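To start, the structure under review is shown below, and the notes come after it.
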Amino acid sequence: MKSLVHWVRQPGFLNALPVGVFLLVGFAGPLVLVLLYSFMPPKTFKLDQLPTLENYVSVVTQSYYISFGWSLTLAVVTVILLLIITYPIAYGMAKLFGKWATLVTILVALPLLISENIRLFGWVLLLLKNGIIDGSLQFLFGVSLSGLLYTVPAVVLGLVYVYLPFMLFPLVIGMSMVPDSLKEAASDLGASRLQIFWEVELPLSMPGILIGSLLVFILALGSLAESKILGGQVIVMIADDIESAFTFAQNWPKGSVLSVLLITLSLVIIFFLFRKIDLDRLVGRR
Amino acid sequence: MKSQRQRRIAHALIVVWTGAVLVFLYMPMLSVVLASFTKQRYFRFPVKAWDTRWYEKAFESLSVRDLFWTSFSVALLVTLISVVLAFFGALAFARYDWKGRKLYQRLILLPIFFPQAVLGLALLLWFSSLGITTSWQTAVFAHMIWILPIVTLIMSIQVYSFDPVWEEAAYDLGASRLQVLREITLPILAPGIISGAIFAFLLSWGNFPLSLFTTGADQTIPEWLYAKMVSGYTPMVPTLGSLTMGGAAGFLLVAFVVMIVIRRVKQGKSNQLR
Amino acid sequence: MNEGQLDFLELRGITKRFGDFTALADVNLSISEGEFFTLVGPSGSGKTTLIRILVGMDSPTGGEISLNGNVINDVPANRRPTCMVFQNLALFPHKTVGQNVEFAMKIAGVAPATRRERANELLELLRLPADFYSKRINQCSGGERQRIALARALAFDPEILFFDEPLSALDYRLRKTLEKELKDIHRETGKTFVYITHSLEEAMVMSDRIGILNHGHLIQIGSPDDIYNRPCNKFVAQFMGEVNTLEVVRAAEGRVRHVDSDASFEIISDVNDFESGFLIIRPEVMKIGRAAAELPNQIQGVLFNDYALGSRVQYQVRSEDGESHWLVERLQDDPFAASPGQSVTIGWRPEDSILVTS
């Protein structure tokens, strides 16, 4: 009891209290509620029924694996594409650009402050039939590319576009933690350029690669706007299904089950992510 | 010398590639601005006739004014509350060494990585179970779940470089706890607090997935844009989109200028005292 | 010194425990007004804990501190008429040099004009040019920052000024200069200085008296001369630098026997109440070569290596069986010629050795 009082009196704990209580009420509370609802009989709006696994069974037996499959596939594709796209830029920012790296950082970060759906709408305008790309091609070459919008590649484009900074920044941090002297030492010991990359640079920048990949993966997994705005009806992602279960279908327990599945998957990844990073070092650069 | 040349070519390629990706990042936003100035009712490229009448309409429209005030009120309240709470949250995150800190650091980041649409729906469930009618006020609460951790993280960066010994020194030189806060802690942490406030405002201003499920009958600009986007094209979408982007850019610019002016005034003051 | 009151600052039985760990054990000490007192101890000896208790940043588990006759245990740091120069100086980064110096006066409500006048006086006292007043802290060098920190503390007009190893981060030469400057400032201001450091050498230069702290115990208090020439135990003797330490037991009247080599040495200390302990011989009192030939205590050995120390040369000599190592120092210009591998004689006078029991 005495040690509890002692623990509560720590200045750190007292300062953490406001944020902690807020997130307990606003974050943990709703999640527990969702978990509870997932055990209620279908289409109930109260928690006074006997718990049942009925919803879990129905979700597994119904065709929800399709939307889960799309979400997982698109998330993996997004991660791979972003790794390829951002790796050279991250290398440039960590090793080549010098003071210009700050400018690139700001330029990449600024769009994050603009509403996601405005930026995606810009892609609609670009990809639209008679839109900027199609219209330009018609005007210049007389060729039409009208079927760009509302396709799976358009959704991937949206995901890659929106989550690019979340891959780039961890890569940059990861790479700037690799001292140049190591590369010089390796080359001094007779390693070729490819060997240096494979044996020194890649393993040492692995934490950044891992953090960026996992981050993009969970963000893409739970994404909603990209498939709705750029995909039209061509595919349904898991967040779509959750939304319609809660809203159109008015089936809270089913929506809860789907949420619980998505949340569990995300939490497993986040847990893995947290084991890999030292926040004090990452945020404080100590 | 061949490898030297190869390296130079590789470096040039990286620069070109970075430039191309930056263009890729800004192209959609430019497209929106471009579309907002067209005369036609339906967007066609190349644009044949330019016009600013959609802006005139937007400024005259009462519903646009409502949208603006809802978005603005939400963002302002979110900013004010988040900055105060995150100030203490950041001290717990980066300054004090306490039992439970590592866990706290991780738990507080969970909402940032959480799928926002699912969070919005969970909050909708939460509000209706508690018998709370959703409105722009509940959206303030919802935004904060996501924004408060981000602001805490941003302020923590500044707090990490804060040395508590400065406070001890001031206290030792006779300052009271309140004087230490006013003279030492707040001024040194000010840049972090201001950056936190800027992020809080802009992220709330542009947020869509959380607003979608938690504003009830009220509507923010991003929500309205989304509704129009999926239900059919109207030239008001790029117009209002450009206006919100312009608003965000203007806000950033003002914040930047204010920060520079504050720095100048501070330096001027110390020069005057000479 | 010592014109002021004798028991100006008094510590009676100061004890500090953190859980099961005892950081300070029954520390008793009295410091007189105007004195320059230095507490010396290795890291973990409790010196930082002690100084934090003295300035009021920490409170003792037991014991009493009194200043000028008044017990100040419960007076918080901001109400104590003392202040500290911190190890990393803790200069406020967002304030100019002038604003830093004026801080205590601003808090005390002194008028701006008076503040500025006093700040400029202090800058002058500390040999800082007047244009430093409006400089930013990050424009100042390490040595300049030391002076600013001292000026800021002096502006508070404290009754006692505490120093928590402020010079430890500086390079050797700058440290040597500032040690002397600090002693000059002490003389000019006449204030009571209490300084802590891990370097006995630094303490020797500046202090009127020195206290040696180890594992939370104050083991010896005395003048620099006492500490150097009459250390109370092996720990204090070894603290100043490399010494020859021999484990010995009592042999005959006026003699001790070296436990490792069975050799016996003449001493002048009264050995009546001595059973076993250590014989300490500083390298600079050891003689080598012809100078050792006449001495009562002699050892035959092989010169292993020599090291130049500027004005002196240090030799490492190993006994012929290779079991014991000896350090000898002599002045550079003293004629002596031997190269490593050669046999040499080393020796010392009985009155140059120190006998301690623990």
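By written order: A, B and C. Residues from 1 in each chain.
As a convention for this text, contacts are C-beta pairs under 8 Å (C-beta built on N, C-alpha and C of every residue); 3 or more make two chains touch, one makes a residue touch a chain.
Just so it is clear, the model here is predicted, and its values are computed rather than measured.
Asks: Chain by chain, through touching neighbours only, how many steps does the shortest route from subunit A to subunit C take?
Replies: Minimal hop count between subunit A and subunit C: 2.
Asks: Report the most central chain, judged by the distance from each chain's C-alpha mean to the global C-alpha mean.
Replies: Per-chain C-alpha centroids compared to the overall one single out B.
Asks: Roughly how many whole angstrom separate the Cα centroids of subunit A and subunit C?
Replies: The answer is 58 Å.
Asks: At what distance in angstrom does the C-alpha mean of subunit C lie from that of subunit B?
Replies: That pair's centroid distance is 55 Å.
Asks: Which integer distance in Å separates the CA centroid of subunit A from that of subunit B?
Replies: Spacing between the chain centres: roughly 18 Å.
Asks: Considering the complex alone, what residue numbers of subunit B touch subunit A?
Replies: 3, 11, 13-15, 17-18, 21-22, 24-32, 34-35, 43-46, 85-86, 88-89, 91-102, 104-111, 113-119, 121-126, 129, 141-142, 144-145, 148-149, 152-153, 156-157, 160-161, 199, 202-203, 205-209, 221-222, 225-226, 229-230, 237-238, 241, 244-245, 248, 252
Asks: Sort out for me which residues of subunit B touch subunit C in the complex.
Replies: Going by the criterion above, the answer is residues 163, 165-166, 168-176, 179, 183-184, 187-188, 270-271, 273-274.
Asks: Mind pulling up the subunit A residues that touch subunit B in the complex?
Replies: Residues 7, 10-20, 22-23, 26-27, 29-31, 33-34, 37, 47, 85-86, 88-89, 91-93, 96-97, 104, 107-108, 110-111, 113-126, 128, 130-132, 134-136, 139, 161, 164, 193, 215, 218-219, 221-225, 228-229, 239, 242-243, 246, 252, 255-256, 259, 262-263, 266, 270, 273-274, 279-280, 283-286.
Asks: For the complex, give me every residue of subunit C touching subunit B.
Replies: Touching subunit B: residues 55-57, 77-79, 83-84, 86, 88, 90, 92-94, 96, 98-99, 103-104, 107-108, 116, 131, 133-134, 152-153, 156 of subunit C.
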